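Okay, so chain A shows up in both of these, paired with chain B first and chain C after.
Our next item is the complex of A and B:
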């Protein structure tokens, strides 16, 4: 017989082995899934892998998908430092896209890229922060649960985008499609070299490292870490925990909103309906898989991008339905979170009494 | 005499402590039997054994002469033993009747009207009338306790265990409870009553058994004892002499001139959110170079008083003056700045951030000191160096200053807290239960540091439930009971017996 015994500490090697092991397990379970729908996994995995990593279209798409996942995941992870759940990254992404679109439609003819890009970046960041200030303020000063408010605001932001797309912002030349006209070129995020990957990805990586530095090396970051670890101790230390909650949730929303900017200014160059394939909701998974570590988010955003692109390829190459992607996502979440048991416990052979 | 429940040589050990040392106890039918003892005497362990929460290491129980094996609370209830907990186990947004039937066998479709009828009948019989449809959250504390008692009676309990039931009640509510207990006693129920309030114990009990350090010290029948004998039995007669011997060895400095008043409370009052008073008419003064001891039974208002003094809560009435300035708005950070140090009673809950490094925990209450940061950037090397130095001078035993503080032992954790709180310019140090749970060496070390701080001219308030510690350390003593100061005296006039009586609410 075996029994579980609590670990006193978890070495890094165990964390790596457990995480990699859980991903492998998800792939194995996924192969069963593929076999059930009539695809030979032994053939499908390598061919999809080759298309994804070695084909130019494949890896560029990988990095393009990774960018919004990284930004929304980072946003969710920032809130999680104080044990707050920001379920509203999807809405924040939409609001960021709306803010970017407004600025781009309004000013990109008049200003060149040197002015336009910083304006888009700062404007979107501020707009996302103001949007998140609604649930943040309600939480800090009235104790309203942020999970509910951030979730509900998603519907508001998405509806707002629809309202604009069907109304004031609809481009008459596209006949009846709900999309705006294309931005002026000064509002296009530049590409890296000759690839189709735009500068949103480095931006996300820089922000992840900045978040880490903020947490580790500044007094405000220290207060956040204390309050996240033990809120009573933060009160005892005289920190203004209400302000901390507010600041962190606002920051969380501002970063997630940038994902909307990179999507519309970097990929579509216009706002259109359903431009986000649940990037905001998937950001929750990205953050959770990284155990809310701001730098770990870079790795898990890549992992989720692999699932997104791999799923697309499976759709195209093997005519599988999109539900297969969601099933893969679910499997991965299931195994990774399930494996966390082995981070705090280890299996031990029970000694006979 | 008609014994209902007999305990024979009940023994229970926890790592490092004998909680119950071969306890023999009998409970007769229709008797109120009180178990009296200080905190940590083993009362709660014993009651938890009877009600099935703990399983004893050895010993046996007899129920009406037949052996009784109780492995869990459900079996205890099935055998007619019911416990009314000190902290109510009720679901606030359910109704009274829903709370009462919780966990009792019911048919799939609830027979609400029948249940309501049963509750009414029980209520009339024992003076526990309550509207069964009210929600528990709308009831007063006394009424909630009635629900707890009804719960136990509804399950058919013949033996009731009440764990400090009057601790949370007003005097009037307590009187009403006594009447209920008499009624139940008349009806043939047997009651085990836990308390350390001397007066109610003497009035109410048919028999009193005193527990000390896990052992039975004595059992007395009604009318055969008095408060001072019970106080001696509870606290031990020899404590005062040993205290004096150690005091001579520990006192390091001659008396300082104790002229400057650092902390002053005038008619201070604090209300609970639900409206009752946590603190009332507190007048208290702490001077520089003085250790003031605050004696009191657990939960007499010490925690609230501490929260007021360090700025976690603002007073509802009266004045709080710190270093000659009135503190109108409660602010922890402002008081830290003015020189308040605080060793919290619950060190794990308030004193540390468990997953942060030991070195980082040193800046918890000192974050804005320029020693550690400049313009908002932490000076990592200085934080580490400071942590190392403090750990050395306070003899904190840890593998490194970079391990999470949660991995340290209680004693080492407490040293970190004390080191942190005394490492900036202080005027006042509030030490709540600073040596609770620590071994002898760690305790002596911490007490010496406190005496040294006193010699350096600090004003110190020492909150403790341990009278020996208070007499050893303090220059002046206050006694708190039910949120009010019920006595004060210089150390020279302090007698353990007198303080013990004051603590339990008896006027000396």
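Our next item is the complex of A and C:
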């Protein structure tokens, strides 16, 4: 028989093997389910892979999908520094998109074109922060469980978007599909070179590095790291942990809201219904997979983008529903959490005593 | 419409809408009393709704459909249990994985069913009781699953607080180390509670095709599983309070539907926010009250993995 023995340290090789192993396991389990619905995975995986990596549309789409996942993942990771669970990235993304849309529709003509993008960026950031201040305040000063409140606010934000899309903001010329009219061009996020990839991606990467610097080299970052390790120790050291919890959750929501901005200003150029394919919920997986490391989320956001584009291709090539993305996400999260045990423990043959 | 009539309509809808929430909340209570958070309710409910629908469509038997739903829900919960108990994975993350996975499964396998319909369960009035003014028909002219839920509330309450099993379950949720020292198998008790709790959540999912919507649509449960997650907390992990919580939310949904029927000048998308905002407000009030009273009702070991080899 085997027993578990705690590792004294986790070598990098073990981390790589366990992470890669869990991804491969998720792909294998997913292939079984694909086979059940009549898709031959041995044929499907390589053809999807080829379209994704060797086709111009494919790799551009990878970077496009990676952008919102990076921002929501980073948002979730910021909250996780204090062991807070921000499950509200989906709602924060919607609120960010609403804020961007409002600013773009309202001020496109009134303001000088050069000011538009900074205004969208700052306005969305502030709006997302204010939205997250609801669960943050409730958590800091009343001790209300942030997992539940952030989660429930997702439904509120999505309903708010629907309310606006079916009401005041609806473009009367589109009768069937609820969407706003297109933004003015000054509110479009510019593309990088001649690609369809917009500047939201570099923005996300810069923010990831800024977050890392904030955590590593500032006083407040130091306080966050101490409080994340041991909240009562931080209290004892005289840090205002209530304020820390509040600030971190607000920042987390503000960053996640930017994903809404990059989607509507970078991709759709208008607000439309169901523009998010669970990008916010997926941010939780992105963060978790990177073990909540702010720079690690860059890599894991790309990995999840592979699942998204793969799911889209399965949808197009094999007429599968969009739910196939959620299926693979769920499997991946399962295998990743399940495998974390082997980072801190190893199997050892039981020795008779 | 007279006021008593309106009240009866809202109460009846509240019970119908609250019943799936009640089943799921009871399942969550059982699992969390043993120390395992069950965040994946939405996924379990969607899969069990799908299984119910398919079995009903194929066999025409509601009982077989329910059994199938409970088996599927038990199996998914067993997976959650394996990750959380045996592999000691993070319970919140595993619950999210389950929610996503279940949504994916029901979407993938339910795609072919969109548009098909099944028949709904009949109402069975209870002679005498249904004649009580206002309340009678709301509580005693319902389908048999509603009556089953009454027995489950009483049964779970009795089991948790008045039997040796219940004591063991609650102890495992409060102090697993002590239980282990006393010779109880923490893992076994947790597995059983997670799996049986999952089956109850499955009943909640099955209620959707059997009573609430007779045709298959994608995302049939529409977020109700998440409300049940919140309900577990503000029911203080207590079956009796779960009943009131579930009906309160049923009433919020009933109010929303009734306001639309009566043509109140509130846009439907604003009304849709109402149950969620109400949950947040009630949760805040309850949390503040508990903190003032210096009480916590949460099982002390909730969310913490247990491994007997760990020395602290």
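Observations on the model:
One rule holds for everything that comes next: the second predicted complex is superposed on the first by the 348 of 353 C-alpha atoms of A that agree within 3 Å, B and C clash if a C-alpha of one lies under 4 Å from a C-alpha of the other, contacts with A are read in each partner's own complex, and residues count from 1 in each chain.
Throughout what follows, a residue touches a chain if its C-beta (ideal position, glycine included) is under 8 Å from a C-beta of that chain, and two chains touch if they have at least 3 such contacts.
Every value quoted in this text rests on a predicted model; they were computed, and no experiment measured them.
After overlaying the two complexes on the shared chain, residue contacts for A:27 are found with neither chain B nor chain C. Taking chain B and chain C in turn and counting the residues of chain A each one touches, the greater count comes from C. Once the two complexes are overlaid on the shared chain, A:238 sits against chain B while remaining clear of chain C. Once the two complexes are laid over each other on the shared chain, residue contacts for A:14 go to neither chain B nor chain C. In the overlay built on the shared chain, the residue A:230 is in contact with chain B alone; chain C does not reach it. Residue contacts after overlaying the shared chain place A:222 against chain B, while chain C stays out of touching range.
Of the two partner chains, neither chain B nor chain C is touched by A:343.
After overlaying the two complexes on the shared chain, residue contacts for A:295 are found with neither chain B nor chain C. On the side of chain A, the complex with chain B involves touching residues 8-9, 216-223, 225-226, 229-230, 232-240.
Every residue of chain B that touches chain A in the complex is listed here, in rising order: 310-312, 331-336, 342, 344, 349-356, 360, 363-365, 367-368, 373, 376-378, 380, 407.
Across the complex, chain A is touched by residues 39, 43, 79, 82-83, 87-90, 92-94, 96-109, 111, 218, 223, 226-227, 229-230, 233, 267, 269-270, 272-273, 276-277, 279-280, 283-284, 287-288, 291, 307, 309-310 of chain C.
Across the interface of their complex, chain C is touched by residues 3-4, 6, 33, 37, 85, 87, 138, 142-145, 147-149, 151-153, 155-156, 159-160, 162-163, 166-167, 278, 281, 284-285, 288, 320-331, 333-334, 337-341 of chain A.
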